[in-house]
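We just call them A, B, C and D in the order they show up, numbering each chain from 1.
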Amino acid sequence: METKRSPKNIFVQGQISPESIAKSIANHSTKTDIGGHSIFLGQVRADEKEGGKVTAIEYTAYEEMALEKAFEIREAVFAKYPLSCMHIYHSLGEVKVGEICLFVFTSSKHRKAAIDACEELVERIKKEVPVWGKELIDNEGSVWKENL
Amino acid sequence: METKRSPKNIFVQGQISPESIAKSIANHSTKTDIGGHSIFLGQVRADEKEGGKVTAIEYTAYEEMALEKAFEIREAVFAKYPLSCMHIYHSLGEVKVGEICLFVFTSSKHRKAAIDACEELVERIKKEVPVWGKELIDNEGSVWKENL
Amino acid sequence: MPKLEPMTPTSIHVIAFGMIAEKIKTKELVLEYMPDTEVLLGYLYQQFPDLKQTKFSIALNKKMVVGKTFIPVGAEVALLPPFSGG
Amino acid sequence: MPKLEPMTPTSIHVIAFGMIAEKIKTKELVLEYMPDTEVLLGYLYQQFPDLKQTKFSIALNKKMVVGKTFIPVGAEVALLPPFSGG
């Protein structure tokens, strides 16, 4: 029997390292009912802005609300798709251009559930979780990020 | 100007290691126009079969045709979506339960193109690339894998 | 549980994030109690005219609210600019 | 370029994969030249009756063909069971 899940932390300080992603993947090799993993990674872009180029994004969040919301999304997506596993990590603080700031990871017996659930999670996280990115510009200015 | 692409090898002997996936992700940190990566990983399942449990899959391929086909799919998907990068790796030989046998990796400025292209690649690879999996059973028998 | 120990029941605890915190130059305000979000908005626009040009939402006790909404005594009121995570 | 050095122009080079190679107990056949895929299938079903119960496709020079298709001299003919990669 599944025990009741409670909100878990999704935030990591600074970038999400490729090594930690590899570790997360490797941790699933003992789950031998998994046939497919779907992963989304958000990476900080060096966008051109008025007055300069983005060099990093500084993330802040309304943490308690974000964790509650992430938990709510997590439960809804678990209820909708036959998933074996789901992991969500988002950066807080400064993440430099080229570094990973979002890691969404779903696993299921057959590929379709993992792929669809991962996409839905990414959309919902960007839309519903109270996190803000401030793009730091190489002229020492900054611009509040806007999600498309 | 983009130079003409030619077929590149997609095959790796045995499993695709989490470390090689991490390396592949890390290689993209210098491509600062990338905002999103989508990754699909196929993992070998310990399915129950008549007479026993799957312990590994042994992959063979019509290699020359597979590389031509993978190239054709690659070009078509590059033409359809605004992608920065695309990588496809498939195992040959024996891959044990819990190990990764397929790694599809797409990157783009905005997430949608990467996500859609990755899904389309996975579907087309499974359907159109001449690769066969033979499921090895713990009673020393084997069953030819069938794709859903 | 809202973190309200130092406040009297007649006050209202407002927290601000991102661009809103920048515009009002603080991440926290303790105001006289106000009965609903319309009264609160009226006060905020009066006090910080810059906010009129800024899109933001209000959450009460970590739930988004839309339109005129009663503010429970002791509620944590949050001013949230459009989310831009990921 | 097909790998045909040891063959005469009147022969046909057939390669088999997966379950088909298992059923015909070889990965390669060199046969007398046959003009089209229907004649080839007739011969294969005659020689290897097991194949009648087995789904497979034919590729000529690495392109899938459907229905009766002319076999060019020197073509590489491949017998391909349903793909199951990934």
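One rule holds in what follows: a residue touches a chain if its C-beta (ideal position, glycine included) is under 8 Å from a C-beta of that chain, and two chains touch if they have at least 3 such contacts.
What you are looking at is a predicted structure, and each value in this text was computed from that prediction instead of being measured.
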Chain-contact steps, minimal, separating subunit D from subunit B: 1
Steps needed, at fewest, to go from subunit B to subunit C via touching chains: 2
Distance from subunit D to subunit A - Cα centre to Cα centre, in angstrom: 49
Euclidean distance of C-alpha centroids - subunit C vs subunit D, Å: 74
Intercentroid distance (Cα basis), subunit C paired with subunit A, Å: 27
Whole-Å gap between the CA centroids of subunit A and subunit B: 23
Multi-chain contact residues (two or more partners), subunit A: 42, 111, 122
Residues of subunit D touching at least two other chains: 86
Which chain pairs touch, all of them: A-B, A-C, B-D
Interface residues, subunit A side, partner subunit B - complex: 18-19, 21-23, 25-26, 28-46, 97-100, 107, 109-111, 115, 118-119, 122, 148
Residues on subunit C engaged by subunit A in the complex (per definition of touch): 15, 17-19, 59, 62, 78, 80-86
Of all residues in subunit A, those that touch subunit C in their complex: 42, 59-62, 64-65, 68, 90, 101-102, 122, 125-134, 144-147
